[in-house]
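Letters A, B and C name the chains as they come in the text, with residue numbers starting at 1 for each one.
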Amino acid sequence: MWDDLTLLGFGAMGWGHALFTAATTTVAVSACAFALGLAIGTLCAWAKLSGPAPLRRLAEVYGVVLRGIPDLLVIYLFYFGGRQVATTVAGLFGHHGPVEISGFAAGAIAIGLISGAGQTEVLRGAYQAISPGTLEAAKVGGMTRWTMFRRIIAPQALPTALPGLNNQWQSAIKESALVSVTGLVETMREVGIAAGSTELPFLFYAAGIVIYLIITSLSGLVFRTAEWRAMRSQMPARAR
Amino acid sequence: MDIHFLLGLIPTLLSGLPLTLELTVFSLLGGGVIALLLNGLRAGSIVGARVADFYVFLFRGSPLLLQIFLIYYAPGQFSFIRHSFVWPFLREPYVCALLALMLNDAAYTSEIIRAGLRAAPRGAIEAAVVGGMSPLTRLRRVILPLAFRQALPAYGIEITGMLKSTSLASVVTLMDVTGIASAEVSQTYRAIEVFLTAAVIYLVLVTLVTYGVQRLEGWLSPTRTPLSARSAA
Amino acid sequence: MTEAAIRLSGIHKSFGAHHVLRGIDLQARNGEVISIIGGSGSGKSTLLRCVPLLEQPDSGQIAVGDDSISLGEPGQRLTGRDRQAMRRLRSQLGFVFQNFNLWPHMTALQNVMELPLHVQKRPRAECREEAEALLERVGLTARRDAWPSQLSGGQQQRVAIARALAVRPRALLFDEPTSALDPELVGEVLTVIRALAEEGRTMVLVTHEMGFARHVSHRAIYLHDGRIEEEGPPEQVFDNPLSERCRRFVSHHLSRN
């Protein structure tokens, strides 16, 4: 068993490089999805808080639907559904046969949409925690909406939002494992390949778990540091 | 979009519903029991608390899909398992998927229970102590009712979460709603229609569960007459 | 003292079925100090909040200096031009809130510098110098790097006054500036406001501090049920009002203070 551990290393026989590359792909898909989710979440939080009625309802329906469907189905829909659409469209232009689409893009979009539904609620909650008087003070000062968002809303909402955003980021990482069904070689897929070709499933699936634990703990640490730094500015007992 | 295809599709997909519901209920029950054990362990000793912490860290920090694969494929690597009495069970994708779902649910549920137990305000407990309640009465009459109300919304989300997570069982060949949908797509190549229909089935289930939990929450909310007062009256 | 700094005419405002302001006309001349008094629900705070359009009146006209906005119907959507006029109008006012409303993520000094720096886009060095001078005026030089959460209510309100002054406003509006303060902290804030009145600033003050209002203001207005019921020099309004209701209100509050 211990001899097998060299298979996890970076030597000639080792899967180290492949696993490392796959781990970066995991982080890349998750990061793209999270960024997309943040953009969607910001828009939907705005729509729910003060958007026109049709947009507000759209944001509500989006949230209910995305939180009511299994993540796996969302990815299936985007990957296989996207392929179906692409093939049909290509057929109209005279191309025959199935068209492949990027598993990375389909996965990032699918998880981004799922994450967006969660981030909407996090951001909405953080906005609602802001004392409305501080916004009035900004309005009276003649701030434009953009200045107000940048100088008053975002800095106050961020510390409150960070724990929730951290949760959403952790979820995105874990959901990214589902993108392996598209054939994208991220961590989940790579450990599956390694487990199959070495016939050492325990070793490689356990290694996969460790890789995810490292990614989630390290990035959790980053979030907690950011949280601590953001909170510090509103804490008493620390005048500079 | 042709209507006959859709009409035929609905009963086909619904034939996977019993398995989906079965997996959900069993994993919540098994997960709940393990979660209670974890909380007992946590209360028991410092070492126990560390073990429970590590368990939660392990199962919440990695993807459920990987946990399913690990439980499904990994035992085959060891000949002593292949030759033991558990092998006939561990070879079954149903057992493996259910086991992974239970273990995963336990990690999340134990945290929900923990947060609930911490919810009882110190003052409420002190009032019970001063009132001469025994520790057991205190637990039964003050701490648990408060914990249950506190934990209910989060547990509602966990129930719907597990319902959705059971779809992962399809990747180890189980024919739940998602499994049947995947098989249907590989035959018909109509991914959008099939997966959308499956999505609607889950959406309806999740909506029903959410509604039920909200009703229960309203029933238990402190602004209503408490249950005990009503039964006493 | 002739030109009007603030002109309100025909201001109406309803919240649902409740008609809070029923046609208010009010002018504040340059350098004038006006006190608005009245019972709770008289509409005095709503009136003050209408000036910078924190509440949008259902109808009426609001002018500050050369900028004005006319409103014709309830819930009217402001045009782009209106919004620009509103921003210009607001940037000429300093508003002091009952609950201070300091920005909690900025130090005292940053609070005071924020609007000159990021709205009026004046040079940073100038903003800083002026903000430090203002904090000195309100007696808080030593606390300039403190966060709002580290300051007492009285100190927070003094920072808020410095923040209002930092935009070099044409007029200052005070919305019950001492109502949220513990009694022992009221004096330090009133001292600052009195000094501002004495240097000839245009001010409109909604307050429950009757004695203070009589002392600092040039003109007092008694609001009842959304209308101006009594208006005149403080000697008249506080000591010899024409309206019986105003007499009862003032005597009740003066005896209490």
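The rule is short, and it goes like this: contacts are C-beta pairs under 8 Å (C-beta built on N, C-alpha and C of every residue); 3 or more make two chains touch, one makes a residue touch a chain.
If you want to know which protein each chain is, UniProt gives these names: B = ABC transporter permease subunit; C = ATP-binding cassette domain-containing protein.
This is a predicted model, so every value here is computed, not measured.
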(Q) Of all the chains shown, whose C-alpha centre falls nearest the centre of every protein C-alpha atom combined? (A) A
Q: With centres defined as the mean of C-alpha atoms, identify the chain lying farthest from subunit B.
A: C
Q: Determine the centre-to-centre distance between subunit A and subunit B, using the mean Cα coordinates as centres, and give it in whole Å.
A: 23
Q) Centre to centre, by mean C-alpha position, how many angstrom separate subunit B and subunit C? A) 56
Q: Could you give the separation in Å between the centres of subunit A and subunit C, each centre being the mean of its C-alpha atoms?
A: 46
Q) In their shared complex, at which residues does subunit A touch subunit C? A) 131, 133-134, 136-144, 147, 151-152, 155-156, 233-237, 239-240
Q: State the interface residues of subunit A toward subunit B in the complex, per the touch definition above.
A: 64-65, 67-74, 76-77, 80-81, 83-85, 170, 173-178, 180-181, 188, 191-192, 195, 199-203, 205-206, 208-209, 212-213, 216-217
Q: In the complex, go through subunit C and note every residue touching subunit A.
A: 52, 54, 87-88, 90-91, 93, 95, 97, 99-105, 107, 114-115, 118-119, 145-147, 149-150, 160, 163, 167
Q) Okay, in this complex, where on subunit B does subunit A touch? A) 57-58, 60-67, 69-70, 73-78, 160, 164-168, 170-171, 178, 181-182, 185, 189-192, 195-196, 198-199, 202-203, 206-207
